[in-house]
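Input: structures, listed below.
You will see chain A twice below: alongside chain B first, and alongside chain C after that.
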Partner chain A sequence: MAQEHTVKAFDDDITRLRGLIAEMGGLAEVALTDAIEALVKGSEDLARGVIARDKKLDVLEAEVDKLAVRIIALRAPMADDLREVIAAMKICGVLERIGDYSKNIAKSAMKVEQRRKFEPLTLIPAMADLAGQMVHDVMTAYAARDAVLAAEIIARDDKVDAFYDSIFRNLVSHMMENPASITSAAELLFVARNIERIGDHATNVAEMVHYAATGIYLTDRDDRKNA
Partner chain B sequence: MDHRRKHPWAGLGIALATAAGMLASGAEPWLTLTVLVLWTGSLWLLLPDPAPFAAEPDFAGAAATARRDLLGPVGTPLVLIEGQRIVEANQAARSVLGAHILGQDARIVLRHPEAIRLLDLGDDGTVTIPGFTGGRSLWQLTRRRVDETRWLIELRDRTTEADVSRAHTDFVANASHELRTPLAAIIGYIETLIDAGGKVDPATSLRFHETVLREARRMQVLVSDLMSLSQVEAEKHDLPDETVDLARLIERVAGEATALAGKGRVEVTVPDAPVNLRGDRAQLEQLVRNLIDNALKYGDAQAPVRVTLQAEGPGSVRLAVADNGAGIAPEHLPHLTRRFYRTDPGRSRAAGGTGLGLAIVKHIVERHRGQLDIASTLGVGTTVSARFSPVS
Partner chain C sequence: MAQEHTVKAFDDDITRLRGLIAEMGGLAEVALTDAIEALVKGSEDLARGVIARDKKLDVLEAEVDKLAVRIIALRAPMADDLREVIAAMKICGVLERIGDYSKNIAKSAMKVEQRRKFEPLTLIPAMADLAGQMVHDVMTAYAARDAVLAAEIIARDDKVDAFYDSIFRNLVSHMMENPASITSAAELLFVARNIERIGDHATNVAEMVHYAATGIYLTDRDDRKNA
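Entry: the complex of A and B
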């Protein structure tokens, strides 16, 4: 796939664009891992670190946008090059969202009290591991332009959703039994919700990777199941 | 590239000489001029022209090949970065990171923020990156300067080392937990007895004391297991120097076990001739004892435990301890020799197991350069066998 472009400058631009996206992916992945660690350990420092680092993601997103617009304006890319640039623009927005969700988790982490009492606190890290692995693998698929891996990642989202359902039920029954801890339980519910959204967004990135590599959209869930 | 353009001086000389000769021999001047022009013109036409480009030695290509030859066979993953781009990655690096990384932006591969920091660093440095290849992996990246624009990044997989240290922490945690459980029971019962101030009826008092004794014994067994485990581990690399007759040793240990478990519970089949092994007597006794104990504990109480020792081809004997019991599910088999690993924690503790028996067995077998094998069928039974090389 990595054929050379006759215009070296164009090649440099595309490579730089992909590099920026990868950097964003790395940041988003670490944001999720750190936010969950902050939640489990109750470490405010880690949580603050996640919140502070989210700014870097915003900066990178702006940089990707600028570079993508510049490539389109100056080089008028065609076919798979154009798809590459369009996908990069979309992916960077999604990765920024993943960073935001992680930031939300970090914020919630600081509000949860008496964390030892919650059973879902063992489920949430497992769920986050799944979602984090999706983000990691989707960036690998992006780097390798691997449409097969991308399709496989999309299939994994169901597991994250199933986790969310079980955590939801668990927390609701916890709230009914312990009305005193409803505030913390609600925070945990938000955390689970955020992780579930991260899984969905990883799926979105996977769809974009698939599109950039093959030109085929894998959007509708129902289509996927029939395929 | 002027210096490389050749002028056909020799051809020009001959042409001029011919022209001079023609003039001297009285040829027409216009004819002479025409011949001269055609001749010299043809000289330039025939000149092998832009060939010098191809003939130029390909220094860049040669350097790339040399680089590839140099990095290729190195087992450690290495990535060469020029500016921001990956210009070379050896086989090891490509198998870890994928073949697509060549020519890509370095951040495509090293996208972890710590790795990016390493890239942005103006100087050599090392970072450790968790989850670099996903999951629980741990990699150490070292960046070394090659020249003005190029950097070599060395990747080292530290996952195993991290696992070892995690296993060690787990072991300490598990051991303390296992010791604390009987201790808590002992303290609890004794406290109750003291608080009652002697007003406990004798039957209850006796029952409490029995529990205390049982828990204390459990602690004793655990402590001695922990000690033998650490001792076997410490001696793991020294070959034992005694000569031990394994056949008689098995008979003796099985005899002791029968005395405790009841007649007919242990069936022993060993050759009459001595089977001499270079080994550590105390450890081999413990090995056989642990295996028989396990079989008695987890096997069917009605069926006997079969202990056999037989020659298996030249230079190999096989000790096997088989029981008829519930068997062990296949997913547990690979973990059985891990410390404190239990397939059914409740039952194992109730039977007085420490979770260390097979870990000790494994270490003893390894120290005697033997092979441990556990075969089990659910509902049928388990056979644990160890192969050793006897001394001739």
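Entry: the complex of A and C
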């Protein structure tokens, strides 16, 4: 079990890097859950909490970048290890984006009025559950370097997109029938769009996890992405 | 004028890195211009061109990342130089995002019907010009390492946000008066939101340019960002 000093130091760095990513994943997941709860309950306190805590994700992203650069510069990792460090930098950027989308949802949540009138307020939490589960599972796939789970998560994004289409149609009908609540309905459109983007970005992370584990890019989803 | 081999190699690498970023900036700017033209003229060909060319931004982003990692690993840059390489990695990610937003606009452009009826179709191009100019100028600031210009660009984002608010209100009124065209109006809402996000991201790049040039982060805009 004799290990060189540099190998031990590299392993310690990678463990810390993975810990920071896991922390960011947890925060991103909670941000989405809280933002949706803020929307459904109309809780301004919850919404403000999501917005305030988003800064923590920005700080962690900067920490990941700094550590990743240090690892590349000092430990000169090769092949698999270098791929892992690059994946960490990319993943932290995406997790920060997911936090941004949740922050957008929290901001929209504060602008929706007479929420009981909106049928999508039952569809949106179901859609958010799906997207949140993708974020949760992709962090599991990352921790376990599980390329099979990563590929399975990518396939789930179609369900999130189908939810989005259904909510979009529902809200457009609602707007036609209730012109007075168009402003609130427009915010709900943005909420649905932001959740759809979270699904896209969880998919992006899954692609990076797949890449880090196998060296193979699962691209060419690009036409479906951002659809 | 005697230069060490490693210094020359480092300078060559940085020059290539800056060239790739400049190319990405140019593509991102053209994508926005073409997406808006596709919207205004209702040209599906133009819209499809924007969507197809977005892949080039993804490829260039991957190239920047690869080159940046190589520079850090082989040249072990310190202080200012390291800051520049990290800024390049971050900036390329944001430029890729700006391309994504333009792609979203192109996709919405294809869904808008009876465009002559929408007053925001004159406001949206004006808003896009402002945001596009921010993207253009921030690339100039990047090339010239101009922290003053970067700070000036950051201040412009408020104008883009004001445009957004005005277009949002206009579209909501339009929806109330013309329930039959709510679907198209909703797409125009998304277009305005995507332009607003491009302004935000041009601002983010300006912050990074400022950081790369001075080492000082101009943060705490976070509450206005994504508003």
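The rule is short, and it goes like this: the second predicted complex is superposed on the first by the 215 of 227 C-alpha atoms of A that agree within 3 Å, B and C clash if a C-alpha of one lies under 4 Å from a C-alpha of the other, contacts with A are read in each partner's own complex, and residues count from 1 in each chain.
What we mean here is this: contacts are C-beta pairs under 8 Å (C-beta built on N, C-alpha and C of every residue); 3 or more make two chains touch, one makes a residue touch a chain.
Quick caveat, the model's predicted, so the values are computed rather than measured.
Colleague: Have a look at where A:Phe190 lands relative to chain B and chain C in the superposition and call it first, second, both or neither.
Modeller: In the superposition, A:Phe190 contacts chain C only.
Colleague: When the two structures are laid over each other on chain A, which of chain B and chain C touches more residues of chain A?
Modeller: Per-residue touch count on chain A favours C.
Colleague: Could you say whether A:Val30 touches chain B, chain C, both of them, or neither, answering first, second, both or neither?
Modeller: Only chain B is touched by A:Val30; chain C is not.
Colleague: Return first, second, both or neither, reflecting whether A:Leu20 touches chain B, chain C, both chains, or no partner chain.
Modeller: The answer is first: A:Leu20 touches chain B but not chain C.
Colleague: How about chain A: which of its residues touch chain B in the complex?
Modeller: Touching chain B: residues 1-2, 15-16, 18-20, 22-23, 25-27, 29-30, 33, 53, 56, 132-133, 136-137, 139-140, 143-146 of chain A.
Colleague: Which bits of chain B are touching chain A when the two form their complex?
Modeller: Its residues touching chain A are 84-85, 98, 100-113, 115-116, 130-131, 134-135.
Colleague: Residue numbers of chain C touching chain A in their complex, please.
Modeller: Of all residues in chain C, those touching chain A are 51, 54-55, 58, 65, 69, 72-73, 76, 82, 86, 89-90, 93, 100, 103-104, 107, 168, 171-172, 175-176, 179-180, 182-183, 186, 189-190, 193, 219, 222-223, 226-227.
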